[in-house]
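Paired with subunit B in one complex and with subunit C in the other, subunit A is shared by the two complexes that follow.
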Partner chain A sequence: MPTTVREYTGSIRDTVKSFWHGLSITLSYLVRRPITVQYPDRTTLPVRDMLPPRYRGFLEVDASICTGCQACERACPISCIQISLEKDPQNPKQRVVTQFDIDEAKCMFCGLCVEPCPTGSIQHTREFEGSQADLRNLVIRWSDPLHPFPVYKVDKAAEYLPRVELGTLVRAKLAARAWDAPGPRFLPPEPPAAPAAPAAGDATPAKP
Partner chain B sequence: MPTKRTASKISPRTVVLVTLAVGLGLPGALFAAILLLSPLTKPAVIDALVGRVLGVDPATWPWTGLAEGVAVGILAFILVNFGAIVSGMTVWWEMRVSSRMQSRVGYNRAGAAGFFQWIADAVKLLFKEDLIPADADQILFRSAPYFVMAGFALAFVVLPFGESLIAADLNVGVFYLIAVTALVVVGILLAGWSSNSKWALFGGMRSAAQVISYEIPAGVAVMVPILMSGTLSMQGIVRAQGAWPWQWNVFTNPASTVAFAIFFISQLAEGNRTPFDLPEAESELVAGYLSEYSGFRFALYFLVEFGNLWVMAAVATTLFLGGWQVPFVGPEAYAAARGAELIPGAAWWGLEALSMVVMVLKTLVVLNLIVWVRWTLPRIRIDQMMNLCWKYLVPWAFASFLFTLLWQLAVAGTPALATVSGIALTAATALLLVLFLRQTRANLVAMGDRVDLTNW
Partner chain C sequence: MEKLILRRVDQNNEEMILNFGPQHPSTHGVINFIVQTDGEVITRAVPDVGYLHRSLEKIGESTGWHGYMPYTDRIDYVAAMFPNEGYATAVERLTGIEVPRRAQYLRAISGELCRIASHLISVGTMAMDIGAFTPMLHGVRERETINDLIEALCGARLTYNYHRIGGVAFDLPEGWRDRTLAFLDHFDRFLVEFDRLITFNEIYIRRLANVAVIPGPMAVDYGLVGPNLRGSGVDWDVRRDLPYGAYSDFEFSIPVGQGMFGTVGDSFDRYFCRVREMGESSKIVRQALEKLPDGEIMAPKVQRNLKVEAGEALSRVESARGEMAFYVVADGTNKAYRIRARTGSFTAMGIIEPLSRGLMVADLVALIASLDVVAPEIDR
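The block that comes next holds the complex of A and B.
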């Protein structure tokens, strides 16, 4: 609150000066180019290509160089990776990975699974757009019992590991699934089939 | 990406054309309707038409009053629609301007440059549920928006659009304007009280305190152009000014420049515009007196808030900035083009349209100034707001009022004084404008930027 004439006139001067400078600054911004990136459809590049190279997006597993060591499964602090290994029935010396599920909905993108991987098979990509109507569709299955893959034996003489280009596999997986695809149904185990007629089996109350 | 967007079938060229057609056609049609209707719906013209077309004596014909009423009703309908549409377009324009001032892009999806966003928003608000809080005062809560809307719509009665383009040239025009715009406060106070919410009550009280306080400097500042033109009629005030800047009220009297600044600031406060948006301060009061409103009632408040921008700008233009006066076209030119016919000729309509263009351009400049100030200054504190009113604006308004009294005496003795003051102040303003633009350019260059209007 002004108590002297000098303060009174000073505050008028301040008001005029702040109008002058303030209006001039906003006018100068009016004619500048906005820095907004108009995601998703008006960007100069796809946004994944504008991200830093070590961005931790969706995990990707290159099955062709996965040794089946399960180090990533053990490293995951929230158990979003599920791996099962079996012996190949045709060739008992060859083990196959029958299940390699990563729940991207649960994943917290910490990168702890990437560190212990001996071949660099599991890596973070720069993919991040995976909207799904059903949460369960965010489980990406890198192997399943119908299509198991054999574990990779590291060639000691090889100078580098033949990994496919990072991101192509997960992109193909995401593109293959419509955003509104129905999610998988995980039903409770079937009740033991009644020895009597099937009609009686239907009549039994369902398991809670 | 798993999401596959279906490509829009409308080509960008069509979008631009449709946007331009609506964006120019809608206000254009309304301006044309005002241009045609406001001279033709005057009772005298209607009476003469009744006498000529129907062949009855309008003085004794029983339906003359009805015919006049219908004509005025049509004009009123057009004016209210004009207010609503101008309000919507102002929202769009303000959002575009403000976003660029903040290095953003703003509306750009619905139509070219996002022009249809205001229509989309209005439609969305119409479809929303009209909620009334259980403990609210039902009648007051429901009626409050109508007070606000009435205060806004009634202002259009005396807003001039051109030389003869005014709904009613009241001989107490300015007084009427100040009186009806005060109705808005009643609505806001009712809204705040009836909502039965602390946020709303505080907002309503703040608004009442603010608007009633700022009525005083605004009223005294308005007295300055009234004293200079010797009339309360809006058209009379415009007629007392000239077309050139050095003949405007704002420049022909040094005190009037001060009065203009005071009037402008008070108008911002009365319209609850930033930096005086204390009644609806989001960070303090949620939405102030609007907190409990939704749907159509909320839309009415919003409409009035942005429509008031046009009213404020048009009043400032009328009182201080020469209104619709066209250079080189004096009152004799209008009278000569008017002739004695009942329906004037094309020359007169052309002059009227010209005066309307001048008025609209000036109004848009002032409107942009108001938008610009809003996005420049932060909200002031409530004690600062009261300080500003009572310790700065009121004394200075009275000082400029007294100075004007003496100035008018001096001008009556030496008429050249007004011209000297006009030319000197116009030159000073032009100089300040140049300095301001240089300052703006310096601001731009200091950051290593340049003028770049891309990225819409």
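The block that comes next holds the complex of A and C.
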């Protein structure tokens, strides 16, 4: 507490001085270029192309090189990947993946499932704009009982594994679904009853 | 506590009981303070925590050893590298996994960048709580660059999940080193500007000096850690005194509160410690980038389904909010028997009640802000 008039006026002087001191810095920003950009339509590139390559966005599975080993399913701490394998009825030697669901609504984008994948089939993409009115629509089904895909046999001699360009598959899946599309009646663990196909429920998950 | 709430119903004295929070912007998250005031003067303020409890310690008993890592991010989401590091270090001590040197350096680099980011939020919100809005925006602007750097390093901006048991997940991307060095050059200039902008502002100093003084012995008694402890003049930093990881290789000083404008241990000292620590962190990152050894970033042969022999281990790391300890107990299976996290914010809540006696209502905000508590770290 100031006790004398001199201290009192001195305090006022100090206040005004440091006030202008701080304000001069603030004012200097008036003439600098702003660093903020309005999202989404004022950016020079689409935002997904400006993200670093390691960005952990929506997961994408390339069915053509997935070996069905279920390593990703086991690595996920919150079990948001669901994989079922079955024998192909036409060719008993060939196993097919009848269910490969990733619940992107539950996923915390931690990246633990990407690391154990032997072929790099499951990868994070730079896609992140996928809002849906119905939460269940965020379950992305990479295989379903009607359209199973055969497991991939790793070609030991191959130099590299052909993988489609990262992000194209998940982008197509997201684009195919309107944001306000009604959600499915069942969540992935209960496959929707398909009249022609055998029920996926009686498939025993094969040991890798 | 119950009595306090009951007295609100039949009060016949001059005192009021107010709920400050849980959704008050200056409580830094969902914390409730039950404040008993006599006009402007607080008779006592009792923190009521638990609004953000997510059973993170219990979850550790059901996920595997590796699967718990993303959960540690959520213990302190403003500085997620440190819980990552603490948990990884504890499990490595338990299993005897040797972390490669390069991984230890990468841990130090990412951790120190994260400390800068966390302190920027801390000093920015502190200025905002006091009534100066601009420093907050300046801090967030610099933090944005750090977020971009960390995003390029590990793919996420907030919940990094960068550390793994036995190393780190990614090596430095191309060009990252130069970008970081360029940022640090800019950041050192920014710190000077920041000091001019707010730290040595006369109004700000007078607002904080001599407010909520914590003497050194009291800080030790109440278990304060990190900048709160050092602000009270106690020279203790786990990075220097119990070196872990690569910290023994770096030269840095530990800023300690000196009572520059008031008493040792006042709110300004705690604030000023954080500002100085950012400069020290910048020095550590520079040294680490310079000395960065080549080599592996993961220990060889860490099992995917880790089974740990029965035993227990404790790790202590210096988080942005002070010493963070992880205590893990294994019982020989692939899951933890018990995981315990000791965090600085929780103990800091204990000191609010004794300190709040006789404070003004507006100074309570200064006290909470200067302790830099983060709600998820209190409740876990």
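Quick notes on this one:
The definition used in the following text is that the second predicted complex is superposed on the first by the 167 of 208 C-alpha atoms of A that agree within 3 Å, B and C clash if a C-alpha of one lies under 4 Å from a C-alpha of the other, contacts with A are read in each partner's own complex, and residues count from 1 in each chain.
Here, a contact is a pair of C-beta atoms (placed from the backbone, for glycine too) under 8 Å apart; a residue touches a chain by one contact, two chains touch by 3 or more.
All values derive from a computational prediction rather than experimental measurement.
With both structures placed on the common chain, the touch criterion links A:Thr26 to subunit B and to subunit C. When the two structures are aligned on the shared chain, A:Glu86 is found in touch with neither subunit B nor subunit C. Residue contacts after overlaying the shared chain place A:Pro52 against subunit C, while subunit B stays out of touching range.
When the shared chain is aligned, subunit B and subunit C each come close enough to touch A:Ser18. Applying the stated contact rule after C-alpha superposition, one finds that A:Pro116 touches subunit C and leaves subunit B untouched. In the superposition on chain A, A:Ala178 contacts subunit B only, with no contact to subunit C. Contact with both subunit B and subunit C is seen for A:Ile35 once the two complexes are overlaid on the shared chain.
Residue contacts after overlaying the shared chain place A:Ser131 against subunit B, while subunit C stays out of touching range.
Legend: residue contacts after superposition of the two complexes on their common chain; A:Met108 is shown touching subunit C, with no touch to subunit B.
Taken together, the two complexes place residues 18-19, 21-22, 25-26, 35 of subunit A in contact with subunit B and also with subunit C. Taken in their complex, subunit A has these residues touching subunit C: 14-15, 17-19, 21-22, 25-26, 35, 51-56, 71, 74-77, 108-112, 115-116, 124. Residues 1-2, 8, 11-12, 18-36, 38, 41, 129-132, 174-175, 177-179 of subunit A touch subunit B in their complex. Taken together, the subunit C residues at the contact with subunit A in this complex read 63-64, 66-71, 132, 134, 141, 144, 148, 151-156, 159, 161, 169-170, 173, 193, 196-198, 200-203, 304-305. Those residues of subunit B whose C-beta lies close enough to touch subunit A in the complex are 1-5, 97, 99-105, 108, 372-373, 375-377, 387, 391-392, 436, 439-441, 443-444, 449, 451-455.
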